[in-house]
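Notes follow once the structure below has been shown.
All chains are identified by letter, namely A, B and C, in their written order; residue positions are counted from 1 within each chain.
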Amino acid sequence: MEWRHKDLLGLAELTKEEIELILDTASSFKEVSTREIKKVPALRGKSVVNLFYEPSTRTRVSFEIAAKRLSCDVINIIADTSSVRKGESLVDTGKNLEALKIDIIVLRHNSSGAAHLLARNVGVSVINAGDGWHEHPTQALLDIFTLKEKFGKIEGLNVTIVGDIAHSRVARSNIWGLTKLGAKVCVCAPKSLLPIEIERLGVEVFNDLDEALRDTDCVNVLRMQLERDEKTIFPSSLDYFKQYGITMERLKKLKRNILIMHPGPLNRGVEISSEVADGENSVILEQVTNGIAVRMAVLYLVTQARETIKNEAHH
Amino acid sequence: MEWRHKDLLGLAELTKEEIELILDTASSFKEVSTREIKKVPALRGKSVVNLFYEPSTRTRVSFEIAAKRLSCDVINIIADTSSVRKGESLVDTGKNLEALKIDIIVLRHNSSGAAHLLARNVGVSVINAGDGWHEHPTQALLDIFTLKEKFGKIEGLNVTIVGDIAHSRVARSNIWGLTKLGAKVCVCAPKSLLPIEIERLGVEVFNDLDEALRDTDCVNVLRMQLERDEKTIFPSSLDYFKQYGITMERLKKLKRNILIMHPGPLNRGVEISSEVADGENSVILEQVTNGIAVRMAVLYLVTQARETIKNEAHH
Amino acid sequence: MEWRHKDLLGLAELTKEEIELILDTASSFKEVSTREIKKVPALRGKSVVNLFYEPSTRTRVSFEIAAKRLSCDVINIIADTSSVRKGESLVDTGKNLEALKIDIIVLRHNSSGAAHLLARNVGVSVINAGDGWHEHPTQALLDIFTLKEKFGKIEGLNVTIVGDIAHSRVARSNIWGLTKLGAKVCVCAPKSLLPIEIERLGVEVFNDLDEALRDTDCVNVLRMQLERDEKTIFPSSLDYFKQYGITMERLKKLKRNILIMHPGPLNRGVEISSEVADGENSVILEQVTNGIAVRMAVLYLVTQARETIKNEAHH
């Protein structure tokens, strides 16, 4: 099995085998971050551009560290209000970066489909680091990696995603990836935070949290995007916490080895209690650690693929 | 021929031979960016500070990549509103950077003459990355490099610069460089965008675009700085496009091998049509590629010169 | 003598011997910045995060250069208004960085005690780069390093700190460090800028500048934080300059080899005249140079200590 794509745009378009290849590659890279000298020369002389149209320190820093552990140069372009004043289109920016002979663009963009658009228009690799409400594949991959590390397999697991499913690229990517690998996925949210026809993605839908959690092996707790909405979709944070917050009280009724995941950053006391977030079922910080391994794997695989494609084109 | 200046401030003060030395050095560096490992150790252990008082992602990124391909460390100082609150003078900032034992300051500043002021006051190398309406020498050098690559020579070429000549450091640096190398330079703009006595720089002045383009080998299309002016100097973008926009219709009447240049970022449909920008006469993205080679050459030459000067001082 | 702390939080908690160890280590690193290739492999494969909740280009750049001269990777997190919108707590941010397997957090924070809070909650090293009005240990260490370089010793020296003592972490760290090493410290400020019970730190307090400076070997001139206060604490900059500004006229009455220090950036004509700042008694730029050596030493020592602690835990 070989990785054949110059880009990583979403889990929707990957096969089970391709997802497993990323996970296996990540496994072999995980050890690098435990060394005294946390660096391998795999991508020396290559360069990655973090092209972020939305602020996201966490994802940017994770990719930056992953790239540097592969000995890759990193250039950050944070398109805040001041620097995008000149208003070049995404495709033009991409073509310019390609002309600079960089190797990979890690793109965070507020529009769904932005990564696909860019990837179609440039020869460099594009890694989708979150596009609108669409996909955030490396986040889902690190979630799945963490699950697999804990349970040894994905097939047959019950995973419940709780929170604002409608506006969550993390949920969407997890659903694609987990169902392909044979997990059963449930989503749980108030109706206002559920997208229509979500069942079509092969998930079971719940409005009641206790029902949703009954047999679950892992709860993936989504962040309430408090900063996103001026008018609240939900009555209040406190109401949300009562009905959908993951608390110790709820946890006690569930499987003893249940895993608690959260993509971060946490709203403690909104979607999760501190006791649960810091408790022994929580693998939230392990997710962060695994994010480096997964991103190293993706950076590595797309580079290999691009070079294979280039070499084949020369024959 | 040896490069003897610790700085690169403008093309006005360079001889023909010095400009040619930069172009030849850039030629030899261009190949580095086509390697699998795009890195040479030429400036290992040196550091460049990108000191930008105006936002310019393009130029900053180009210098950052060029420096990293020379194995040079890069520190970015983007003096936006928040970080310049403490209001240190440019010279004091420069002296502090010198005390930090950095090697090169790449300066972008909104005041004409800022790079000269800084260079006179510090021992480190200063590269002018654009000062007010004055000069932007590396942009002109990459334009000239691209011209020479395409035509084999500069002498005897007809180059027409179209657009807001009055407020363009790119125009000014191109005029200095091209005329020194023996090209004939025409400028074309509405009267309100022409500086007074521009003829003194040895260029021919046109207000009518079709007249200006008649025998030209290359059109360098300037960006309309739409974001710069609150009140428009010109009636409207649409009017500008009609009278001064480079369109396919106009292109068809010109030399078949005419080159279309633009320093970017493009205002499609303002100073240039998309068809032309993306067409086969356009070398806009090649300019971007050549920018890396030219900036590597400049970073390298000023470092060599500074070390020669230092060694001579010791004898 | 061996360094045993994973963190550097302040000079209040260090012994005389520990401070001297940092100074000696800095001495041995100072030479690196004079080499042609300014780089040693001491921290290769490690990573430092500059986590800055207050803008401070000077300190950030100094740490960034110091880390890079040790071959350490540097990731900048500048928590401006846009990127902290998501509002994660300092401890959560720290735990996330730890999960990313970074080695050192250099923290600048507007709350006194922030560095201590963070250090208690993470296993990575924390270097305090300024916390509220509390401490700024590397600034004081570079001041003391400069003093020792000039006078050969600290014991018995008279040092006077002039300016806004009440709001100065630089003053506080200097007082702790200097008194431990046996210097006599005087502080001089208008009453409104003196903290209550400052005498308890073992300093002599003056309101009159000329009296304060009489026998001093070094004046450390604090920056008036003009940008910090909307309403001025002191009548006006001009009044301040008259009463507390360090001028040539004042300097002439003092010891001939008196040193003038300033942590920068300078307010010329407010707390110091240009003639003095640029004069032969000024060591202001040498302080900047020494800052690199001191920060290299601190980055190196905390890393060594953390590895010693880790190895001991394994036995």
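Following the convention adopted for this analysis, a residue touches a chain if its C-beta (ideal position, glycine included) is under 8 Å from a C-beta of that chain, and two chains touch if they have at least 3 such contacts.
Quick caveat, the model's predicted, so the values are computed rather than measured.
Where the sister copies chain A and chain C meet, the same residue numbers recur on both sides for under half of the interface positions.
Per the C-alpha superposition, chain B sits rotated 120 degrees relative to chain C, a value rounded to a multiple of 5. Averaging C-alpha coordinates per chain places the centre of chain A 40 Å away from that of chain C.
Residue positions of chain B touching 2 or more other chains: none.
Remark: chain B residues 33-39, 55, 57-58, 61-62, 64-65, 68, 80, 227, 264-266, 268, 285-286, 288-289, 291-292 touch chain A in the complex. Chain A makes touch with chain B in their complex at residues 44-47, 49, 73, 75, 77, 79, 82-83, 85-89, 92-93, 95-102, 307.
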